[in-house]
Amino acid sequence: MNFVGLFNYWIVMVLMMIGFYIVIAQGNLVKKLVGLTLFQTSVFIMYITMGKIEGATAPILVEGEALYSNPLPHVLILTAIVVGIATTALGLALVVRIKESYDSIEEDEINRKDQEC
Amino acid sequence: MYTAAAFAVLVAMLLALFRAFAGPTLYDRILAVNVFGTKTVLLIAVVGFMMGRPDFLDIVMVYALMNFISVIGILRFFEYTAKNVEVREE
Amino acid sequence: MELIINMGLLSMLAMTAIAIVRIKDLFAVAMLAGIYGLISASFFVMMDAVDVAFTEASVGAGISTLLMLTTLAITGRFEKADKKSRTRFALPLVLLTGALLIYGTLDMPSFGAADSPVQEHVAPRYLNDSAQEIGIPNVVTSVLASYRAFDTFGEVIVIFTAGVGVLALLMRTDLPPISSVKNTASMEEHMVLRIVAKMLIPLILLFGLYVQFHGEYGPGGGFQAGVIFASAFFLYAMLYGMNAARKVIDSSLVQVLAALGVLIYGTTGVVAMLSGKNFLDYSVFSEDPVHAQHLGILFIELGVGLTVATVMIIIFFTFSGRSQVEGERD
Amino acid sequence: MEGILNIVSWFLLVFGGFLCISGAVGLLRFPDFFTRMHAASVTDTLATAMILIGLFIQAESWLVQVKLVMVLLFVLLTSPTAGHALVMAALHAGLEPVLPKQKQASVEAGR
């Protein structure tokens, strides 16, 4: 088995699953958003890993370098990071509103209060 | 020798990470975050030289800046919210 | 050696993620998320993605930690223990999915291979031709701002919309006028911090401008510059209190500027259309095609920087304003 | 000349690396927050200065050297400030150092 060649992808999958676990198993809404961030970052790492070429250098052209890593994943991920923080902020804003109307950010308590009404 | 320095910084990062996991007080964690940030600054600087592209020191600057800002932020919000909260966790 | 650093950083990422699962103190979780951002940004530097590392360092380690903490100031610090029933269901599901995904990776091209499918389509064209067509050394910027500028336009609008959404959810119109409130800066006792910050803020703003306009030649550009620019204002607001910051930055002006950034970007495209070219075809700006590309990239990076900076300021100030109101109510 | 500079920078880099590790060991092993703070902040500043100066000697273009000096100044300005703020916050929050038994007794007697 190609350990060195696939190690990055395995870590990506582990991180992805940890994020997934937090989202489905833990009830606190802020923690869920942290889990989403973990998941998101694992995808970033996967893209960037794919763009890397052994022995290449960063895609900013200089004299005397012939081999550059793939710039396209960098562009996609760069914008994705900023969009990610914007959407996380939106999620956190929703959490604040939920806290104000339910006085709790635990999923179970919110569900229970919903059923009581 | 870049290799030696980079490796040493990496080990230091690992140790700081363990302190961040262990706590026990929140201030220990903040300290660990701060140390970790400074070590990242060093790592990126050394790695830039190691890979032969030392003109990326702009990134190092951002790391130093963000490290400072996040420590200030943590302190501010901690003081702001936790005036009456126990220092020790749990 | 680079391989060892890579693996070390990745293992640290995994350890941090596991610690995040286990720790119930959400303040500590926010801090670990900050560390997670720092590590992944260092990893991006190792993978030659300097622009991405730039963005992740400022966003993942800086801004998102601050936002989490501001939220926690309102929602409370501790999390309830996990429910047994739920973990019993979740753990096997996660393990199964993970095993399937890892089985899937066995067919992936090996890390760093120069002949993997990703490298063989459009990337060689960008790398070989962008020097003649666009004339700037940073290929990431030329792809971002010229080849795929329409895509970036979409991203900018998403960011703008998120800012509008946060405002719609959290804005208070009933905030008392500035002069009537006592300045409730919680860091009044930190004299040293305040003086150092006073020295740093102009430098940070200058650095932000450098990143904005040097993005064609080195790592950087509108996205990163916007975040750095905004962070100077965050520093001011954190150390001198929200009221002082509200005096410096008029919130309605910031909202107008956020829209203006999108407008600059869109206008650049529409001008090209009105001159009979395609949307965002920069060749209308000048006779010399390379010069025209330079001008076009300058305009849209300006739009991006403006929108990102102002949206970040809007988000942070709206959150902090909310927590300030909450604090006074208690 | 070249050779001497190389040796100096080699020494600075390696010794800076050593200081990093020793500070981190202190951060991990010391008994309470204040001693950990001491270990971390003292070595942090020195190690950063040493490594950055070592790189400064190796740098080939003046632009890189200017940037290194900027980073060094920035770190020298912010790192002690953050440390100061942190300790002050901890003291205000009522965190107390762990003292040896006799000292603890004398402190309590003094109250």
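The letters A, B, C and D name the chains in turn, as written, and every chain counts its residues from 1.
In this text, a residue touches a chain if its C-beta (ideal position, glycine included) is under 8 Å from a C-beta of that chain, and two chains touch if they have at least 3 such contacts.
Since the structure is predicted, the reported quantities are computational estimates derived from the model, not experimental observations.
Colleague: When the contacting C-beta pairs are counted for C-D and for A-B, which pair yields the higher total?
Modeller: The greater number of contacts lies at C-D.
Colleague: Relative to subunit A, which chain has the most distant C-alpha mean position?
Modeller: D
Colleague: If you average the CA atoms of subunit C and of subunit D, how many Å lie between those two points?
Modeller: Centres of subunit C and subunit D (C-alpha means) sit 29 Å apart.
Colleague: I'd like the Å distance between the centres of subunit A and subunit B, where a centre is the mean of that chain's Cα atoms.
Modeller: A distance of 20 Å separates the two centres.
Colleague: Where the centres are mean C-alpha positions, what is the separation of subunit B from subunit D, in Å?
Modeller: About 12 Å, centre to centre.
Colleague: Could you grab the centroid distance between subunit A and subunit D? Build each centroid from C-alpha atoms only and quote it in angstrom.
Modeller: The answer is 32 Å.
Colleague: Mind pulling the subunit A residues that touch 2 or more other chains?
Modeller: Within subunit A, residues 57-58, 62 contact more than one other chain.
Colleague: Where does subunit B touch two or more other chains at once, residue-wise?
Modeller: Correct list: 7, 13-14, 30, 51, 55-56, 58, 61, 65, 67-68, 72, 75, 78-79.
Colleague: For subunit D, which residues are shared contacts with two or more other chains?
Modeller: As it turns out, subunit D has residues touching two or more other chains at 74, 78, 81, 85, 92.
Colleague: Touching pairs of chains, which are they?
Modeller: A-B, A-C, B-C, B-D, C-D
Colleague: Can you tell me which positions in subunit C touch subunit B when the two form their complex?
Modeller: Interface residues on subunit C, with respect to subunit B: 1-2, 4-5, 8-9, 12, 15-16, 19, 24-25, 27-28, 30-32, 34-35, 38-39, 41-42, 45-46, 50, 53-54, 57-58, 61-62, 65-66, 69-70, 72-73, 77, 186-187, 193, 197, 200, 204, 207, 210-211, 214, 218-220, 224, 228, 231, 234-235, 238-239, 323, 327.
Colleague: Which subunit D residues qualify as touching subunit C in the complex?
Modeller: 74, 77-78, 81, 84-85, 88, 92
Colleague: Touching residues of subunit B toward subunit A in the complex: what are they?
Modeller: Checking each residue of subunit B against subunit A gives 51-53, 56.
Colleague: Would you tell me which residues of subunit B are touching subunit D in their complex?
Modeller: 1-2, 4-5, 7-9, 11-16, 18-19, 25, 27-28, 30-32, 34-35, 38-39, 41-42, 45-46, 49, 54-55, 57-58, 60-61, 64-65, 67-68, 71-72, 75, 78-79, 87
Colleague: Could you pull out which subunit D residues touch subunit B in their complex?
Modeller: Listed in rising order, the residues are 9-10, 13-14, 16-18, 20-21, 23-25, 27-28, 33, 36-37, 40, 44, 47-48, 51-52, 54-55, 58-61, 63-64, 67-68, 70-71, 74-75, 78-79, 81-83, 85-86, 89-90, 92-95.
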